[in-house]
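Paired with chain B in one complex and with chain C in the other, chain A is shared by the two complexes that follow.
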Partner chain A sequence: MTAAAWNAERARAIIDSHRSLRGALLPMLHALQEEFGYVDADAAPLLADSLNLSKAEVHGVITFYHEFRQSHPGRHVVRVCVAEACQARGSDKLVDHLKSKLGIDLGETRADGEFTLEAVYCLGNCALGPSALVDDQLMGRLTPARIDGALA
Partner chain B sequence: MSAAITLYVPRDAAALSVGADQVAAAIVAEAEARKLPVHIVRNGSRGMLWLEPLVEVATPAGRVAYGPVTPENVAELFDAGFLEAKPHPLGHGLTEEIFYFKHQQRLTFARCGVTDPLSVADYQAHGGFAGLEKALKMTPAEIVKEVTDSGLRGRGGAGFPTGIKWNTVLNAPSDEKFVCCNADEGDSGTFADRMIIEGDPFLLIEGMTITALAVGARQGYVYLRSEYPHAVETLREAIRIAYEQDWLGSNIHGSGHDFHLEVRVGAGSYVCGEETAMLESLEGKRGVVRAKPPIPALEGLFGKPTVVNNVLTLTSVPVVLAQGAAFYRDFGAGRSHGTQPFQLAGNIARGGLVELAFGVSLHDLVYRYGGGTATGRPLRAVQVGGPLGAYVPESQLSLSADYESMAEAGAMLGHGGLVVFDDSVRMDHMARFAMEFCAEESCGKCTPCRIGSTRGREVLDKIVAGIDRAANMILLEDLCTVMTDGSLCAMGGLTPLPVKSAIRHFPEDFA
Partner chain C sequence: MSLRCQDFGTPAKQGAASITVTIDGRAVSVPEGTSVMRAAAEAGIMIPKLCASDHLEPFGSCRLCLVEIDGRKGTPASCTTPVAEGMKVCTNNPRLSALRKGVMELYISDHPLDCLTCPANGNCELQDMAGAVGLREVRYGFAGENHLTETKDTSNPYFQYDPAKCIVCSRCVRACAEVQGTFALNVSGRGFASRITPGPSLDFMGSECVSCGACVQACPTATLIEKSVARLGQPEHVVETTCAYCGVGCSFRAEMQGDNVVRMVPSKDGGANAGHSCVKGRFAWGYASHKDRKTKPMIRESITDPWREVGWDEAIAYTAAKFREVQDRHGPRSIGGITSSRCTNEEIYAVQKMIRAGFGNNNVDTCARVCHSPTGYGLKQTYGTSAGTQDFKSVDKSDVIIVMGANPTAGHPVFASRLKRRVRQGAKLVVIDPRSIDLVKGPHVAAQHHLQLKPGTNVAMINALAHVVVTEGLVNQDFVRERCDLINFQQWADFVAEDRNSPETLEAETGVSAQSVRQVARLYATGGNAAIYYGLGVTEHSQGSTTVMGIANLAMATGNVGREGVGVNPLRGQNNVQGSCDMGSFPHEFSGYREVKDDSVRALFEVMWGRELDAEPGLRIPNMFDQALHGSYKGMFVHGEDIAQSDPNTNHVTAALEALDFLVVQDLFLNETAAYAHVFLPGTSFLEKDGTFTNAERRINRVRPAMAPRSGMHEWQVVAAIATAMGYPMHWNNGAEIMAEIAKVTPTFKGVSFERLDAEGSLQWPVTDAAPHGTPIMHVDGFVRGKGNFVLTEFVPTTEQTSRFFPLILTTGRILSQYNVGAQTRRTDNVAWHPEDVLEIHPFDAENRGIGDGDMVSLASRMGATTLRAEITERVPQGVVYTTFHHPVTGANVVTTDNSDWATNCPEYKVTAVQVAIANAVQTLVAE
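Moving on, here comes the complex of A and B:
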């Protein structure tokens, strides 16, 4: 997961390329996050300007959705499912293992910038839990040993 | 041995999550080393997820199944002669003779796992686009009547008659109308939307196109959750191919009808599965629930008449058109017509997807198909219908899985997901989790949901900790009543369902 450094020119070009869409704000935010790894605070005025919205409205949208990040994630993002079906298969133990292995709590990024650990509600892999998304790789039937292998 | 042998290795996300790509690569490498020509098709999943990665070998008698296969198994499978469908400890014989699969009634999932998901030719060879071809020769009113007569009801959970919704949109005068597919499948324990989109994406495209013809819409959106990156990729590719082959776009196959379709990706908000919150999100706003009326059928996306249907509703439409309303209507029980793709999840030995007519008992689903718990411990509870669904105790599993029977028992079928728990589950913890989830995911518009869920979590924290239990239980009951009666949508309105069912059926965990 290598993201480009924030660049207002590039951001403006990304925003412009989505302007023809109706209801364009979410696609724009996804595209910005795809490029930079997060949505920079300086993006809000650019988006507001492009869509004729107030900065507050744009900020409201960015903060409503769990998916949009306001700061750089770690180089690897581990999103572990904590919903009922994975709980029934022991996701609690997997979460505890990840916390102690990575040395961070859910929702945190390690100081060295290597890992971000997040909780997610359901990855649609409910028959093969516990599950996690490691970067873009969906993993099922997870055990501490299997996730350690993926993070090595 | 000159003709290449065809093998199937699924590309479904669940199969990938347990190494299907590595298995496919290992098969290619092993076949090359042995100079045996093989042709690998990356199909959808058959839905027997506990056997994934499930590798199938094509034989004159049908496909023969091996699973769960790991890359380490591949060499021994070749040694055992699996290319000639010879026995091996991982072998299960003919795929379609496996009990789990053989007794299903697959209407919606008929092609899933059978075909190459991105081949239009394969899709058509297995009956695809037959429904649309019929619909192109019908009037909008005739299509709506066919769907109404089929008894098809909304598979998203509410069970509203699809034909009636479509008729409202058809008769709403407007210069512009929309078809929106709700693919924000956020319920834990459900994965049918994901599976059909990854395994048979043209079916959704066909269903939405028929819907558009029926109501007079020219633009459609699929609101697909961001947690499903594989489904997003597959559907976008399928849409691109459909445009290329004239199944989408302007003047579809010279019919004079236009339909344009676009995928929009959600952003991790559960409440956007509520139809009006989804419309707000599609418009680029916060996913805040709208007050109804006006209903979306009259004032939906961008204020225009809009059909909002779930993936499983829209993917049931082609078979209704192709085979006729009477054919579809004959499946089911009481007023629940047709089939439901049930999803067996959580602590279950044989997890996967089982499509059957409504009316099968929960017991049959959990035991005959699911094989009981994965841990082998006694089953204690099954949560039916997602995080807003009731916990059903083992003693009530004789319940018939149809809309009316479930409602009568104070439960709901929802999107057809069953999450199984063994006797290690603590129901006070699960009740607390229901409130926590609601607090986390509430859109914040109405007070009973926004504040009620937070207070509910606090009260349950005290109950779990054993603080003043009797008084706090009364408080919790009160709070549940307020949330049920006062919330704007199902999020706050149904969160008390898992909480109260846990208390009712498992009082010992709250004493």
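Moving on, here comes the complex of A and C:
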């Protein structure tokens, strides 16, 4: 996953291109994250200005959704499902494996910027758990070995 | 007056009490749409609640107010459930009780148990609810994950935010949105991590917060609480009074410990503010006990001598003798005075009476001269009354709102909140102003049109709008035929229809596209109830009176006068500027705007006052200065006004003051004017006064003393004593007696008395036999003058024009946290927001001059020069610079000119040709 560096001009253009949508804030936030990999703190005033919202309101929305990141993620993002069905299929073990393999906790990014590890709650793939998203690629029936392969 | 006000849980609904429900066996009838919670409260049953409050829309989050309703499943929240005919509600039984207790246990399991040392102790809704539900234990214990270690935000000078005590009921968030309309607060995170946040900055001072205090008032715990309460503890008694800042005239509860103010809280039933406030009224009252305050009379022979403290007797005798001495030497008309629009009607009435009857001339004027005198003149000429036509509530019914030359979010913030609420409900907003004020665009508010005209072209703009109304057939013919003088109307219609008044022709003058002018004119004439609100950006011009009359013409032509939602609405500046005009502060008028030249009027006052009165109108403020320099005006009484800072062309003013033989200043502080005074008489703050203020909607509000005068004497007592010592006995025992005299001599105040004001809360004049409860909306059945009078409004450009040496136009204004010359607000923590005046300049103009953001720049006009810091912003258009005049060190009025309104001499503060340069560079430029 390669993201562009934060650029206010570019952010403004992205925001403008979504202005005509109804309930434009969420599509804008998705588009910004798509472009930059996260939602920069400097985006809140731009969004507020564009949509006649307060900065506090925009901040409230950004922080409400775990999906929106407030800092740059690693080059690879691993999101492991830890909801009930995957837990029953052993996702805990998978998480432990990834923590020790990557040397980071859930919600953290490795110092070298290679990996970000996150928990998600259900990917809609319950029949095939445990599941994870590796750089937006959905993987099921994961084992430590299979995920090592995906990260190799 | 009780310390706690009853909270009905949800707002009252309008309409007849047509729905009858039975709550715990008690029948109660309420209007449709009323919540079960409110119906219960009206029946005397208080359902436990935390997230509900009757100034906020119901939210249904705290789950304490659950009830059972016959025939319905579950336990709905009573705050979000509207009543239905025949509904049977049970508010308390073992099941509900257990549910509530369970909810409270959860709240308390994550709440510090420090009630005894908590600032809210004794006034905490969480504590009350724990008591109400009978909480005796918390089964979950206190060891689990919690928020108790979160850090306090003390960045705001007046209140603190302690998230450890927060129950995330969102009352603060909703108050900021619904009541104040700033939306500076929100909930960040979700679930257990939910937290109230002032936005991405995470601290209140760095956020969009305007410190109005609505969130603090809404908080049911000590999470958001006044630092004064945290410091002093809970108040023990309350004095209901009126704010002394702007013309909105908010009612406040001064919550007291002995004669110490603990806090000021806006009154829910305040006629003007309905429970809301701004940072000035709510928090900036500390000046009343500031160490700079003078409480002893002082005299000196010469203005170069040091002040000498004296007793009241000596000060009064000295003042009286000196005034008489000046009159003996230079004639009876050689002295005069200025009344203060900051003081009560009773004090103002006393001062003008002292001048007219005691001094024996009509040399009395007031600071309204320099702000809204064109309003008084213009509206009297057209409608017959020198006042706005509406009450503030009227805006709730407006469909189109034009704000012209006013910046309500800074100058009249509590009214601005009301206006913004109406805009959020769908009313269309038009801003006519050279600057992009906050109303042009902000959270949940946007002007449909912003006509960004060049300063000084208001009349051209109004004429262009009128041109469209007349030539496009948008005149309300029925209204004009029934209510207006038809001959004058036809003359006016022919005049504005001329091509030279078309938006296309005037485009070059105003700088506004003809197309947008046409759109605004059509919107105003056909968009439903249309109201115009205006401020000093209209009046403080060489054609201020003309613009006021132009606005009045436009409202008549479109039938936008005489009912709710419409009208001509001056947003008056000072707390009692309406009152000072009403009380006979102008040199040509007695109280109630009756001419001194009129023999029958004068005869009435001569009988009442037992003294022959001068038939000749006296001097206006600018004439006083001119005559002082000329040598024929030698003595002056300045009542609570800092003319050396507030009046234009400071150098001219101070030269005039210096030329006086004898100057008396009555004020709280040794202000800039006092530097030229021979006698200083200590005044009283609004917390000490006993009287009335009249706000911009003609509402007479009571000002009640929360403490005794610190100087030992009321201002009117001092004035009466001076008059008496001068040989004209004036005596009253209290403020009520003065109002009784005012009511006797002023037809529009006939039914006003302290007794009635205390009983009814407030009254809007005229209060007459025909309108015993006052007059919220004027000219309902016809204009006060009879037929509405259209006045021709020829556009005459100001003589203050830009040139090669002075290529920019300076316009002046105010900001939210400071008030006028800042004598009060500078002596409070409000300086945290505005430590100095800055010069707003457009990036293009700044770049041309090599000016960077924050640079010190010189600002020079043909009159004088001053230095201040530049702020580069697109709020001002190219060619226009803007500053405030809150700090004496800036001396913004050193540069303003002697130009003034042709009819009233109101100074042209809003247009001064200037040059701006990096500091030290400007002298060379001017010298070239």
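Criterion: the second predicted complex is superposed on the first by the 152 of 152 C-alpha atoms of A that agree within 3 Å, B and C clash if a C-alpha of one lies under 4 Å from a C-alpha of the other, contacts with A are read in each partner's own complex, and residues count from 1 in each chain.
FYI, a contact is a pair of C-beta atoms (placed from the backbone, for glycine too) under 8 Å apart; a residue touches a chain by one contact, two chains touch by 3 or more.
Not measured: the values here are computed from a predicted model.
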Partner with the higher number of touched chain A residues, chain C or chain B: B
Which superposed partner A:A48 touches (first chain B, second chain C, both, neither): second
Touching partner for A:S91 - first (chain B), second (chain C), both, neither: neither
Touched partner set for A:F64, first chain B, second chain C, both or neither: both
Partner chain in contact with A:A56 - chain B first, chain C second, else both or neither: second
Partner chain in contact with A:T109 - chain B first, chain C second, else both or neither: neither
On chain A, positions contacted by chain B and by chain C: 60, 64, 66
Chain C to chain A touching residues, read off their complex: 182-190, 197-201, 207-208, 441-446
Sites on chain B touched by chain A in the complex: 13-14, 16-18, 49-50, 52, 185-191, 193-194, 226-231, 264-270, 281-288, 302, 343-348, 351-352, 374, 383, 387, 417, 419-422, 425, 430, 433, 437, 440-441
Complex contact set, residues of chain A against chain C: 41, 44, 48-49, 52-60, 63-64, 66
Touching residues on chain A, where the partner in the complex is chain B: 22-27, 29-30, 51, 60-61, 64-68, 83-89, 120-129, 131, 133, 136, 138-141
